[in-house]
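Two complexes come next, and they have one chain in common, chain A, joined by chain B in the first and chain C in the second.
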Partner chain A sequence: MTTLTMTTLDPRSRAARRGMSDLAIRNLFIIPTIVFLIVFNIFPLLYSLGYSFTDFRASTNAPWNFVGLENYRTLLNDPFIWNNFAITAKYVIVSVTGQVLVGFGVAMLLNREIPFKGLITTLLLLPMMLSMAVVGLFWKLLYDPSFGIINYALGLGRFEWLSNPDVALYAVALTDIWMWSPFVMLLSLAGLSAVPKHLYEAAAIDRAGPLYTFFRITLPLVAPILMIAIIFRTMEAFKTFDLAYILTSQPTTEVISIRLYKMAFQEWQTGMSCALAYIMLVMVIAITNIYVKYLNKVKER
Partner chain B sequence: MAHIELRNVTKTFGGKAALKNLDLEIADGQFFVLLGETGAGKTTTLRIVAGLEKPDDGTILIDGVDVGGWGAAERDVALVLQQYSLYPRYTVRENLEFPLKSKIRRVAPAEIQERVERVARTLRIEHLLERKTDRLSGGEMQRVSIGRAIVRKPRVFLMDEPLSALDAKLREALRTELKRLQITLGATFLFVTHDQVEAMSMGDRIGVLDRGRLVQVGTPSEIYARPTNTFVARSVGSPPMNLLDGAVRDGAAVTEAGFSLPISVASAHEGRPVTFGVRPEHLRLDPEAPAKARVHDIEDHGVEKIVTLATGDAFVRLTAPATQHPRIDESVGFSWNPEKIILFDRTSGRNLSAA
Partner chain C sequence: MAAVQTTGERTLNKLAIVSVLIVTMIFLAPIYWIVSTSFKPRNLATTVPPTIVFTPEVSPFVKLMLKRSQLREQPTPEEYAAAPWWERLVFDGGEKVVRDGKGEVQLSGYPSRFLNSLIVAIISTVLAVSMGTFTAYGFSRFKVKGEDDWLFFILSTRMLPPVVVAIPMFLMYRTFGLNDTHIGLIILYTAFNLSFSVWLMKGFIDEIPKEYEEAALVDGYTRMEAFFKIVLPEAATGIAATAVFCFITAWNEYVFALIMTRRDAQTAPPFIPSQVGSGLPDWTVIAAGTFLFLLPVAIFTFLLRRHLLRGMSFGAIRK
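And then the complex of A and B:
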């Protein structure tokens, strides 16, 4: 079937003179990618699925046994794992909500004629372009109780941002909001500038107040693209590792990825950690699907 | 309903003057049409009245009150645009309800329902009420957009070429409908168009705009019969008025196109270079006439024929009754009604008889 849709090779081209057919050229381009995907993605994925049904430990040479669904049963009955999930959920909600509010708000502010608009937008995008590890190290300094600039600026004295177990998760979320709000802002800005100006004029003529205009015109028109931003950010926040790992090591900030890392590379429970990774994968797919369903509904309206 | 007055309004966009010292008065309940070409400042005038644009200079009065500092919402006007501007993702009903649901007015739900239904009946869109706006045709969309304007009972209706994007047949139908609507509502309409047929057929009064200046204001028949200058003469009437350069000698018009015919007006303009203006219906084919020309083109419209004559290097258009049968390239004689010739100054284009 694919050959039918392909354009045929120009008979005068160099490739044709070397006796290469359309099919040969297609394979030349596609096979390396497919090989790469199989070796580095599909194979480990399936291999780890196999491991998740065993008690294999990568740290020993001891023979491994097939344990069936035992790993999954243990994990799903483990209250500590559920606690990790609860922490992750809290983190996702706080961080994504914060990003949407800040990002969309800034986009609303930028969506008008202001001097140096392009420069301001570019500068606002900078946090997004930094490396996670760098951001983590920066914010660790900013949050420092004795010489951090945040405590100095807010006059909080020696407030413990990262070692206070009640605050640490919010501190990590705050860093994430700082870093990723620009992403939401960028997408919102694209959505906002696509709203035709004459609709706002019509609404002004129809004597709609600013709030009414926002909820009846702006928001419904920006909703689909905002949904996409939320999907991306939720997926990312769900699998957050580096930021939380670098910033703090409180038990209250042990999101599921950190638990997984510890299980796999500190406790060397390879089989068990593979099972956990699969549970996470299923969860991310499920959440994304809910969003996509909702997105399609929003688009249809 | 309301009386609108613009005094000395000037508006520039980036150094380019869109309106120059515009004075305009629209009486209560009048259907006023602003006619002009693209870029003449029609839409700017409309937007200034609506409050979407602030004039650089001059005052706007609605019912005698200076509304210069008021926003669009406070002026209580309705605006219908060429691009419909319906609210997407809503049904026709929701679109019609929109202006009534705003917090400023607080209309009771029962009344909203009643008014929406009455408007839908007037515009014959009842069967579309539950449909999403992106599933409508152009004509239906424009009806909904007009409906959204009338559901509110505003003081003034502003329409910016609302019919331009529609096909000819629909345009004609909506034209009649709009006019009927204006009469039933007794509302003040300011209607902007570049289409002289629309202007002539709908307007109680027409204002002709030329590059930001109002050249003439009058009833359609005034504008048609006594244009103040050659610009107005050219922009109103189809086929347009014939304009021929020439001079008056011994009570006759001597044209540069090479023919000479008598005129009855003003011997005061003897010898002066003028432009003669004559409507096609005031010319006729006449074998006895001294003026001769070759038939260049014939458009048969059934009830009448529009005949284009070539004389010298000029073309003259006249309407002939269906009973006459001139042939292309035939040499014919023609004459005109000497009473109906309008003299314009050659350089300024001003109507000399009006002065």
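And then the complex of A and C:
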């Protein structure tokens, strides 16, 4: 970092000779942040990488042994872990698809002249700003089979949302859709408002039908931003913990983050959980890479 | 939108407006239910069918703040008459206010958790935004070799799953005695928000024309003076928006708080769900706690509305 070239300060300025050099200022401004992130993010990860090769248990003082790749081998051969990944994948697909359909749909509805449009948009965005854990908790009351408002409003009688193992995951995903459709809507609205009006006018002159206009003009132009929303939500849904942990304790809703939490902080299999954390980490980094690629693509436009 | 609308289009438009209103009502219904439950008497919170019309009362908020215990014997009429209004509300609910040996009223766990949330969120926001602003300026104005790689590295720290980071941090904190301390949580939230703050601030600073500082430099300002006197005032809106985003993230954070705090430094998000625990929870009190906790975020959302898009996309999409 110290051997880098600098934008040279205008030599005419007297300031170039007074005060700190640009190089010093740049380093002073940037290096503390980098160091902070390395110390509190990268260093802990290296620390846990080390533990992932041991049978260390943080609950005992017993000495730990180096076990090599044994933890990784055990995890990757464990059908229960694969089941956790399968649950997570199902959750990601259901909740992200729901968010895209609802979010993009509402954005299409909103993309016209509507009285109080600003106020309505802000109100619709409210759920995503709220705490998942705290609001998620309240959905327990909404889902309650006997006095919950959802069964009452939908006339479902005593339908079990959270205590039925087959339904619980969908109930969690439904709450997630409620919270995060606004995010997809927000990004879709930005994409929709960026579609040049003259394209629609040209289509209207050509007597193009609404379906043709949607698939040939709207969708392709909104696609890059929509893609960002999808990748970002996929990443977040993959990491999900709060909602599923608070709403239910069904084995069918044990997404991978919850399994990891239990392994690390309830079963105290520290070494094993570090290995699982690394397996998860590799997956997240892969999704992040795709995300950043798309971000840069959209930025260039 | 074409200037001239056919009758069909006009009907379609009306239909869309009606649908938007219905969708808005559905989206706001859970929030409305929280607010309305927080003003209900306890016996109306869990009725079949749900109670929609009722006389609002403040007893859930009183109960939220006070430590209470089951009433063994009814208070005498004199006791009841002598009690202040809030104590009478607790009596009415079949409970009594807990006092210590000196007769001082004991508070529930909620006020201290709320205060912890405030302390941790505010301090970590100040740290993340100030460091982030400096770093963003560094990346925006100076040449840094491998700039994109560094920025990607910074962003990637934000994408780490909290549970993954929490395992080694928990072990390190245990070694240094930082578990269940404000400072431990502040460090985690600062690290978590720092990357976001760098990315967002870089966008805001990139928009400030370089010529402003260059003119100041020609006028004899040092680079530092130019930064503090020219750039920072220009970036004020951006700094405020970034700060609000960081505050909300720290305020809402659950996983780290659940793992790293037990009591002394516990924030509201892990505390509120722990109240549901066993038996029949008093949903009016939980709703009151939830309502107070959500209120600051709701207000901030309205103040932030013009910057939401930018903040949620890490500064990539600007209007």
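Definition applied: the second predicted complex is superposed on the first by the 257 of 301 C-alpha atoms of A that agree within 3 Å, B and C clash if a C-alpha of one lies under 4 Å from a C-alpha of the other, contacts with A are read in each partner's own complex, and residues count from 1 in each chain.
The rule is simple: contacts are C-beta pairs under 8 Å (C-beta built on N, C-alpha and C of every residue); 3 or more make two chains touch, one makes a residue touch a chain.
Computed from a predicted structure; not experimentally measured.
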Which superposed partner A:77 touches (first chain B, second chain C, both, neither): neither
Chain B versus chain C as contact partner of A:201, first or second or both or neither: both
Contacts of A:217 with chain B and chain C, given as first, second, both or neither: first
Which superposed partner A:146 touches (first chain B, second chain C, both, neither): second
Partner chain(s) touched by A:61 [first = chain B, second = chain C, both, neither]: neither
A:138 touches, of chain B and chain C: first, second, both or neither? second
Touched partner set for A:186, first chain B, second chain C, both or neither: second
Winner by number of chain A residues touched, once chain B and chain C are compared: C
Partner chain in contact with A:265 - chain B first, chain C second, else both or neither: second
Where chain A meets both chain C and chain B, residue numbers: 201, 204
Residues on chain A engaged by chain B in the complex (per definition of touch): 196, 198-199, 201-209, 212, 216-217, 220-221, 301
Residues of chain A that touch chain C when the two form their complex: 1, 3-7, 9-10, 12-16, 18-20, 22, 25-26, 28-30, 32-34, 36-37, 40-42, 44-45, 47-48, 51, 58, 106, 109-110, 112-115, 118, 120-135, 137-142, 144, 146-149, 152-153, 178, 182-183, 186-187, 189-190, 197, 200-201, 204, 225, 228, 235, 239, 241-242, 246, 257, 260-261, 264-265, 270, 273-274, 277, 280-281, 284-285, 287-288, 291-292, 295, 298-299
Sites on chain C touched by chain A in the complex: 1-2, 13, 16-17, 19-21, 23-24, 27-31, 33-34, 37, 46-50, 131-132, 134-135, 137-139, 141-145, 150, 152-157, 159-172, 174, 187-188, 190-191, 194-195, 198, 214, 217-218, 220-227, 248, 251-252, 254-255, 259, 268-270, 272-273, 276, 283, 286-287, 290, 293-294, 297-298, 300-302, 305, 308-309, 312-314, 316-317, 319
Interfacial residue positions of chain B with respect to chain A in the complex: 50, 52, 71-73, 76-79, 81, 83, 85, 87-89, 98-99, 101-105, 148, 152
